[in-house]
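For reference, the structure is listed below as structure tokens.
For reference, chains read A, B and C in written order, and residue numbers begin at 1 within each chain.
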Amino acid sequence: MSYAFDFSDLSQYADVLLHGVVVTLGLTGVSTVLGGALGVVGAALVLRGPAWLRWLIAAYIELIRNTPFIVQLFFVFFGLPSLGIQMGEIEAALLAMTVNLAAYAIEIVRAGIESVKHGQYQAALSLGLSGRQAFRYVVLPQALAAVFPALLSQVMIVMLGSAVVSQISVQDLTYAANFIQSRNFRSFECYIAITAIYLVMAILLRRLCNGLGSGLFAGQKR
Amino acid sequence: MISIENVSKWYGQFQVLNACSTAVRKGEVVVVCGPSGSGKSTLIKTVNGLEAFQQGEIRIGGTSVDAPNTDLSKLRSHVGMVFQHFELFPHLSILDNLTLAQLKVLGRNKDEAADKGLRLLERVGLKAHAGKFPIQLSGGQQQRVAIARSLAMDPVAMLFDEPTSALDPEMINEVLDVMVELAQEGMTMMCVTHEMGFAKKVAHRVIFMDHGQIVEDERKDEFFANPKSERARDFLAKILH
Amino acid sequence: MNDFTIWDMAQGLLLSARWTVLLSLIAFVGGGLVGGLLLVLRLSAGAKVQAMIRLYSEIFQGTPLLMQLFLGFFGLPMLGIEVSPWLAASVTLTLYTGAYLVDIWRGCVEAIPRGQWQAAASLGMSHGQQLRLVIWPQAMRIATAPTVGFLVQVVKSTALASIIGFTELTKAGSMLTNAVFQPFIIYSMVAALYFAMCFPLTWYSRVLERKQGLALKR
């Protein structure tokens, strides 16, 4: 057990690593925006939409929550083309991540909306706001503030889970790890280093979002 | 101004409102009282359409509240409502609480709305708090802001649902003072409250409700001097001890 | 060559699902032991040990499970420790599960009001007795629903073991796809099998949650 650690030649792969970080963060960022937006729309529909649509959304949520992300990804990337729906690796990864995040986001945002007291909605209506305006300006901001931490940790889960997109050849950070270790044969160092990069990204993301959250939702500490 | 005719409402089998009829004329102050669960909140919320009802009719200035072609939002924007638990919007500053509906409903511009908001805050003695958030104010202050928020819409009538019952005793008067002033300026008001001092001072009429019915609807002096029903007498005895 | 019927494929997948179940059980039981042990340490050991346990859950929760599996499977041999996909997957998933469970359970213990500890202490109980006789039983009741809920995540996470060559349900799906080119049907069936394993757990955890909500209201 006299193994000599050697991280020295990782530095020559800096551009590969950087590219991986950018892809991972990019995929996470885009799917967060899309999945978050779908989460809000979906939550509104679950609470107010027609019965058949609520049923459909509930089924979608259950399906996503009770199957592994990697199977969802393979289904999108390998399965859909046989229905004639062709797409590249990046698109497939984005689609799978967005669809996955949205399912959780709907549940989270719905719980947030339900946590806003009904009196707030009534007060908004009594001022003459329409139902839609009351939702947009009064209920939703409070709901999002209440569930911001839960949404954030779901985004984190999606970011860490996105490591499997390397399996469909998306050149993310994990792909970079596999690429580098196949060149320098120092797999242990390589995986350690890249695991550490993920950890730092997760910590920074949480810091950033917490700062953002307390700025956005100033004055609402409960 | 407000006419309520034969209004009935059910929750499933349970009848909350039983053929309620009354009217509030322009400039009139009407106090609604009665035991808890008698349907006071429900009645006052039917007036601006926050609660639906199954029978009867309610008109505000001639417009029927539940007619299909009524623009309910527009109607509500002319009728202020103050809630038991204030219901200030916690994510907005005090001033933004006052300007939100001015901007989004009345279409006023930012300066106009802020100007109006600040004038009303000054009127309720809270101009210095314009930049704070609701959570930073006491209950009494929050309720005064809530009144100012309604007034910012230039309402033709105001509805109050137990505006002081969630307040600590020492804060009740600061809110009542604002309400008294409003009444003396000739605002049309319908107030659910158990503050009989307020009723004696400014009310024109007092309505007493029990089990979803309007049991008494009398001129103030009449009501306090000799309440007709047993139930109202009991209630007054308890509340005035 | 392509004369596999849907039934043949389903049968193959169903058989491989046994390994998913087995790996889930190993991870859950192993993770439960690790989590339980660490929980006791967190509640009673000194600040240094507590900080180390916090670091452990932070690392396993803050990094991709896939990387953890790579480290276990490709990394350890570099240090001279030979591991099979079986062992690597079992150990990694156990550590991963433990890192989550210790946090979930600690949350449950902390949810018990301070007054309960104080009441127990005022009766003259030692720290251990307070924990065992008063706090534990209450914490266990609130812990069941989130624990069963987390079990769903464990089952799903075993799918990643396929990437290091462990032949469970997902891997069987990929291999079958390569043999019979019917990815749409095969991955649909794979998803359906996972759903069949996970949904009952999800449902049960929800039932428990509702029961508990009612109990708390009373």
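Throughout what follows, a contact is a pair of C-beta atoms (placed from the backbone, for glycine too) under 8 Å apart; a residue touches a chain by one contact, two chains touch by 3 or more.
The structure displayed is predicted, hence computed values, not measured ones.
Colleague: Could you tell me which chains make contact with chain B and chain C both?
Modeller: Touching chain B and chain C alike, sorted by label: A.
Colleague: Looking at CA centres, what chain is most distant from chain B?
Modeller: Max centre-to-centre separation from chain B belongs to C.
Colleague: With contacts counted as defined, which of the two, A-C or A-B, has more C-beta pairs across the interface?
Modeller: The comparison resolves to A-C.
Colleague: Using CA atoms only, can you tell me which chain is the most central one in this structure?
Modeller: Chain A is the most central one.
Colleague: Suppose each chain is reduced to the average of its Cα coordinates; what separation in Å results between chain B and chain C?
Modeller: That gives a centre separation of 54 Å.
Colleague: Roughly how far is chain A from chain C, going centre to centre by Cα mean, in whole Å?
Modeller: 21
Colleague: What's the distance between the Cα centroids of chain A and chain B, rounded to whole Å?
Modeller: Those two chain centres are 45 Å apart.
Colleague: Which residues of chain A touch chain B in the complex?
Modeller: Contact set of chain A toward chain B: 117, 119-120, 122-130, 133, 137-138, 141-142, 145, 217-221.
Colleague: Could you please specify the touching residues of chain A with respect to chain C in the complex?
Modeller: The contact residues of chain A facing chain C are 1, 3, 62-63, 65-72, 74-75, 78-83, 156, 160-164, 166-167, 174, 177, 181, 186-188, 191-192, 194-195, 198-199, 202-203.
Colleague: List the residues on chain B that touch chain A in their complex, please.
Modeller: Those in contact with chain A are residues 45, 48, 50, 73-81, 83, 85, 87-91, 93, 100-101, 104-106, 132-133, 135-136, 149-150, 153.
Colleague: Okay, in this complex, where on chain C does chain A touch?
Modeller: 58-59, 62-68, 70-71, 74-76, 78-80, 152, 156-157, 159-160, 162-163, 170, 173-174, 177, 182-184, 186-188, 190-191, 194-195, 198-199, 202
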